[in-house]
Amino acid sequence: MDTPAFDHTLFAGCAAQIIQHTRELAAKGWTPATAGNFSIRMSPEHAAITISGKDKGRLTEADIMVVDMANRPVATHHRPSAEAALHTHLYRKFPEVGAVLHTHSPNQTIAGLLYASEGRIRLRGYELFKALRGHTTHETEVDLPVVPNSQDMDALTASVDAVLTQPNTWGYLIAGHGLYAWGRDINEARRHLDAFEFMLGCELELRRLGVR
Amino acid sequence: MDTPAFDHTLFAGCAAQIIQHTRELAAKGWTPATAGNFSIRMSPEHAAITISGKDKGRLTEADIMVVDMANRPVATHHRPSAEAALHTHLYRKFPEVGAVLHTHSPNQTIAGLLYASEGRIRLRGYELFKALRGHTTHETEVDLPVVPNSQDMDALTASVDAVLTQPNTWGYLIAGHGLYAWGRDINEARRHLDAFEFMLGCELELRRLGVR
Amino acid sequence: MDTPAFDHTLFAGCAAQIIQHTRELAAKGWTPATAGNFSIRMSPEHAAITISGKDKGRLTEADIMVVDMANRPVATHHRPSAEAALHTHLYRKFPEVGAVLHTHSPNQTIAGLLYASEGRIRLRGYELFKALRGHTTHETEVDLPVVPNSQDMDALTASVDAVLTQPNTWGYLIAGHGLYAWGRDINEARRHLDAFEFMLGCELELRRLGVR
Amino acid sequence: MDTPAFDHTLFAGCAAQIIQHTRELAAKGWTPATAGNFSIRMSPEHAAITISGKDKGRLTEADIMVVDMANRPVATHHRPSAEAALHTHLYRKFPEVGAVLHTHSPNQTIAGLLYASEGRIRLRGYELFKALRGHTTHETEVDLPVVPNSQDMDALTASVDAVLTQPNTWGYLIAGHGLYAWGRDINEARRHLDAFEFMLGCELELRRLGVR
């Protein structure tokens, strides 16, 4: 008898957490037209990740698959999304990362286009910095990296890898595309995602008001 | 015994799909004051379509009727909405079209007014292009046609027909009025609708920020 | 045995309709901090109307009272809201009016402040005009009157009375305060309210975009 | 047998009210990334207050603790949030205060940054002033104080104390951080919170439109 490729009880628990968060994020309008990818690291070798092209407000366990850290499908006939490569890149690069959330809110899409030429959005003065692990005060600056979009996943992964140089960086934007945010577990990743979305919304509003 | 005019089981299934989507779209505020029309092609000859003037958040099967492709009512005492002509125009013109969704969101209404004189909105650089059937990259431009509004349905249909010249066009705007979007089935039409709405919202925001 | 002051079954039905609509309007954020008043004409002599100061998202039948057309309480120890006078004014002035809805959305509050000096907001080119009873085309202009706010209800009623001079006027704004909308029944009043709110939102957006 | 530190039935009732309001406020997006703190005065000596760092949309009674008016934990192993000091400051300073609500909406965060240098936001002409206890007309001005943010709670409390000089002041902003609002009970505090949020949103919108 073969050893199972992964622990199915563990998988079911990860899938349930992904489904709960994606439903909430879909209800906010951050996964328009089936956009977005969401994953949890199950083990050093495996991650549970959403299958591409599904309505994120209606996921079931059958819409979640397992990939290994080289982005190969495990015990499934599904092919992973091309963007699964960006998830496994983070798991390989940062051993403490336990979950990766990728959404496409209007604020994220617009901020990526606006700040692409600068390569980062410099955030200043937000009490909400304290929601980002490793940050304890509003009296600092937090840079959110912005990389250009590409349909070539190797090129996009290389762009991302090059900008993730600062400690306690918990997200990046892809111009015209959306946000990747992560954390040690899915609740922390979600807290980081919500904090970045909130601060991006404030930055855009401050630009509209002429003070950025 | 007469042959039934259409298959009632098929009709009930189409009506259920229309009701589900219209409730969701009404909840988003895209069908204000009973606005909007929604249809599914049932067969080469027939389409199920919403009756005009109903609150789209509270539809029941009794609020859906059948028209033939010349926009005549089938086995019903209801008269179709004048705008049913725009639905059957799409079914006649594009044999692959299986569903047509027409909404009136604020973004759609405003974008139609703003871009009416140009006859189209040119979208650039969105990852979300990939949600539109036949589009595979953000590195392109997508034109969403805009036609002037008219209460003369023949004139309006002719305006629309004249601008639908490009392959893989999945929507158009009527100035001051709203969006028509379509697809091979209602889920694809909805994905196209959601993608256009999202990108129109981003375009308006980029104009507010002075970069369009 | 005394004749009952009004038909309690009729009252219960009117209260149920008011409660349903106010809950929906509260959920939209149009009744902030207990703002808003809502009524239905029960008979030539009586109207059911919300008691002042209640959270409009949590109304029960006990939060609805009856007034006569001189704004006097009927068979209740509750005192009517001062603004009940604006409801009964409409019932006296327009025999066809069956329901009056008064909300305070941000768009309504802001538009009232912006256009107070002009005394009206001139709306142009909206397909949604057709949602207003008696209007059949977008190729017209619709004026929504704007009156200055006052805590003196007689003065405010006189201001309102003076501006309601055009046929098929179904609403007015009070500057810094909110919208009154009405119709032959509560569903029509709601359709008018939703249509005005939508068009006010579009007008403000067009101003932000520099085209109004 | 020891006297219990506080009345547990009273505590359970206060916790239930806090949970209801925080769920509603979280659903509005005013407690991003676990932000916000909420309390009710239980007695002259004690207040029930949310534990820091919890998702405010999913609170249970176990996420509420008791502090005394010197901000010390009572009969619990939990440590109070640093910001609990701002709650007890209000309870000590104003004997009539029965509940304190602290949220971080985008409008609150942005308005605090925009008006920090002026030390207050001057509100004018809103009918909604009447939702603030002690105010009876729109024909006045209401100042909402704004203090600079600080991670030093003693310094922040001193800043707050210095600006709370006017009668019938029911809130203040901390720049880049959020709003504190209060009332004689939690329903009044909530009405004040909702009224301030609404008027801040209108003020920002009027600035965008160039009339502030």
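We just call them A, B, C and D in the order they show up, numbering each chain from 1.
Quick note on the criterion: a contact is a pair of C-beta atoms (placed from the backbone, for glycine too) under 8 Å apart; a residue touches a chain by one contact, two chains touch by 3 or more.
By chain, UniProt protein names: A, B, C, D = Methylthioribulose-1-phosphate dehydratase.
Note that the structure is a prediction, hence the values are computed from the model and not measured.
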| item | value |
| --- | --- |
| C-alpha-based rotation, chain A on chain B, 0 to 180 degrees, nearest 5 | 90 |
| Same or different contact residues where chain D meets its copy chain C, judged by the half mark | different |
| Geometric centre distance via CA averages, chain C-chain B, whole Å | 32 |
| Distance from the mean Cα position of chain C to that of chain A, given in whole angstrom | 46 |
| Numbers and ranges of chain C residues touching at least 2 other chains | 208 |
| Touch-based graph of the chains, sorted into line, ring, star, complete or other | ring |
| Pairs of chains, among all present, that meet the touch criterion | A-B, A-D, B-C, C-D |
| Contacting residues of chain D [partner chain A, same complex] | 32-35, 55, 104, 106, 109-110, 113-114, 149, 151, 174-178, 204, 207-208 |
| Sites on chain C touched by chain B in the complex | 125-128, 131, 136-139, 187, 191-192, 194-195, 197-198, 201-202, 205-206, 208-209, 211 |
